[in-house]
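Chain lettering (A, B, C and D) follows the sequence in which the chains are written, and residue indices restart at 1 in each chain.
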Amino acid sequence: MARIVGGINVTHVPYIGRAIANNLQQDAYWKPFFDGFPPVRDWLAKVKPDVAVVVYNDHGLNFFLDKMPTFAVGAAPQYQNADEGWGIPTLPPYTGDQDLSWHMIESLIEDEFDITTCQEMLVDHAFTLPLELLWPNQKQCPVRTVPVCVNTVQFPLPTAARCFNFGRAIGKAIESWDSDARVVVIGTGGLSHQLDGQRAGFINKEFDLMFMDKLVTDPLWVTRYSVPDLVELTGTQGVELLNWLTTRGALGGEVTKVHANYHIPISNTASGLLAMEVV
Amino acid sequence: MARIVGGINVTHVPYIGRAIANNLQQDAYWKPFFDGFPPVRDWLAKVKPDVAVVVYNDHGLNFFLDKMPTFAVGAAPQYQNADEGWGIPTLPPYTGDQDLSWHMIESLIEDEFDITTCQEMLVDHAFTLPLELLWPNQKQCPVRTVPVCVNTVQFPLPTAARCFNFGRAIGKAIESWDSDARVVVIGTGGLSHQLDGQRAGFINKEFDLMFMDKLVTDPLWVTRYSVPDLVELTGTQGVELLNWLTTRGALGGEVTKVHANYHIPISNTASGLLAMEVV
Amino acid sequence: MTTGKQKRVIPGTTIFDGDQARKGYALNKMCYSFNSEENRQAFLADRDGYCAKFGLNEQQKKAVFDLNVLDMIAAGGNAYFLAKLGGIYKLDMQDIGAQQTGMTKEAFQAKLIAAGKN
Amino acid sequence: MTTGKQKRVIPGTTIFDGDQARKGYALNKMCYSFNSEENRQAFLADRDGYCAKFGLNEQQKKAVFDLNVLDMIAAGGNAYFLAKLGGIYKLDMQDIGAQQTGMTKEAFQAKLIAAGKN
């Protein structure tokens, strides 16, 4: 059976793509963000995953409001990145793992998750940039991928409890996959930020740090909050932390922290990074 | 609060559209099928629904395998019918009920159904023809509509138990809608038929009759069967009976039979009709 | 591509599961395009070019050219999408049923009627 | 269009719920089209015609012409889609944040940095 080696949660912001393209990693503005990654890359070099299941949210590239899924799972041989309208460089395609995709789809629907299956799927910066940050300077991303897209765009969003349980079901699916592959689960987005409204620029350091701590030790703590609570506490886009929670769910019971980083701001966002190993 | 007046399950087959267009209702081939409807229309005239929630499956008009939802709920102001490639007449647009749509979406996601929301949606023969059969010869369908689409196309399909519970959650949503509207739930598709493979033409009268009976008296009986069991018992397209089961779920506890009809064959299908009133 | 998992066998029946969906994606996508009259005409005008545009493999193209439904299913075709290809050739469901069961259309229709008698 | 249901109020914050999604569909659909360079150029070449093609109402069109983000949100715009319109005008997220909060860009950036200090 396949083995989950751990999980990594990491912020996504389009401008990270521009910073990478322009080699700004050691620039004073970007350094505190990029310096978080080497210890996580070292850990990845040690645990050697073959496949990454990437839990993210689409930002209006693959999904529009005509067909907006709560949970979508990719089942394509390859995933293309594409123009999102912001002039950030388009990255090369990602190789899918269709065997794992279909095994997950079978298992998740059997477990009563009403997913949308995507045999063709464009992946945006929320999928590509975290992979680029974790495996930099590669012609081709060295792991096979399965995209899992969570709706954080159009309310109502899935509840925190539903996301956590969805993550658990993803973990169960991976661990029942008849393969000797090593799988890492990656969650992207957050932490606190709000792009829109008079409250634009809202950031909540205290909550973010508590969230990162609780995610390791007591993830169900998050489920006490409704989605509107989370918007109030973390901003309209801060709710992307649901992807972090889903990822944590996939890791199951106990985890240890491999490495964490937190820095304010990159763009309008409190950036977080949290790598966890399954005990 | 809104009130569910009852539910109607009815077979859909594209060629019904041609029979209606060519006025073949009293033709020997079609008469046993069309003669089932007058008593149900009389009942509708009596219970006077304002809105129809229509549980059906798309046949490759609105959904392709690039984005295939397990459960989709329409939230459009209007739903267009369109060319499905078979030369059956395209019917005029249907008026949506966006208030009910969004109330259902809120309630279903709160109840942990991971639906896909559709603010634009083409509706195929499985949606249009049952409405045409129930309200014939109208310039414009006299009820507002909310389409609910269940995946019966690409396996894995939702389990029978999940469909029944989805129906229950739909019923709960309707009944908690702050409106004095009267709502009928309509399920379309089935009964036993198989279009593809060496077993094409397979029909199972015994199971169909049992199913129609149990749906009224003991709908959980159906949940003892896995989806592959249902394919074996009712054919590859017979599984569309999941739409009937979902509809029955929406009616809640006890129901009485208003009228039923069963006839073999229309096209390759065992046709069923079952109107139920909530006790 | 197989998962090694034991699959349910139902004689004469192909369940359109992940294996089928993977295999048949290009074929089904082409059939999905036949919702448009313009596309149906484009197909009829240049079947070879149209199949190539959707990336059908040789097995799929041959099944389409032969209008052989069982071969299309073996190549990953899904009944709901294939029906749109049948529509182009004005094949109704009894034509398609007869072809797959190796019966005349009359015999196939008689079989359907007989199913209502028992 | 309102459901009568009590909505959660979060100051300075519009939750993109069903009411917003209904109101803003045309605007958001237009913004979604801006994933394509060809569409972005078509918009710039004829903003009026492009807005009309997507059926924007007067309120939405005015907000777009004024490039006023708060007005776009009031007209049903969603941040993720609106960002693509901002991209056409090379507005970054601090430009947009500054505009909405009535601050200079420098003051808005200072506010973000300050959020990390406490």
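The definition used in the following text is that a residue touches a chain if its C-beta (ideal position, glycine included) is under 8 Å from a C-beta of that chain, and two chains touch if they have at least 3 such contacts.
Remember, predicted model here, so these are calculated numbers, not experimental data.
By number of C-beta pairs in contact, B-C leads when B-C and B-D are compared. Comparing each option in B-D, B-C or A-D with A-C by residue number, the pair that reproduces over half of the contacts is B-D. The distance from the centre of subunit A to the centre of subunit D, with each centre set as the mean of the Cα atoms, comes to 25 Å.
Between subunit C and subunit D the centroid-to-centroid distance comes to 46 Å (mean Cα coordinates, whole Å). A straight line joining the Cα centres of subunit B and subunit D is 39 Å long.
Contact of a single residue of subunit D with at least two other chains is seen at positions 17-18, 21, 25.
Shared interface positions of subunit B, i.e. residues touching 2 or more other chains, are given as 65-66, 105-106, 119-120, 154, 156.
Interchain contacts give a graph that is no line, ring or star and is not complete, per the touch definition above. Going by the touch rule set out above, the chain pairs that meet are A-B, A-C, A-D, B-C, B-D. Within the complex formed with subunit A, the subunit B residues making contact are 63, 65-72, 105-106, 109-110, 112-121, 154, 156-159, 161-162, 165-166.
Considering their complex, residues 15, 59-61, 64-65, 82-87, 153-156, 194-203, 205, 228, 231-232, 235-237, 263-265, 267-268, 270 of subunit A touch subunit D.
Contacts from subunit C toward subunit B in the complex involve residues 8, 10-18, 21, 25, 28-29, 31-32, 34-37, 40, 69-70, 73, 78-84, 87-88, 90, 92-94, 96-97, 100-101, 108, 111-113, 115-116, 118. Against subunit B, in their complex, subunit D makes its touches with residues 1, 3-5, 17-19, 21-22, 25.
Across the complex, subunit B meets subunit D through its residues 75, 77, 98-99, 101-103, 105-106, 119-120, 178.
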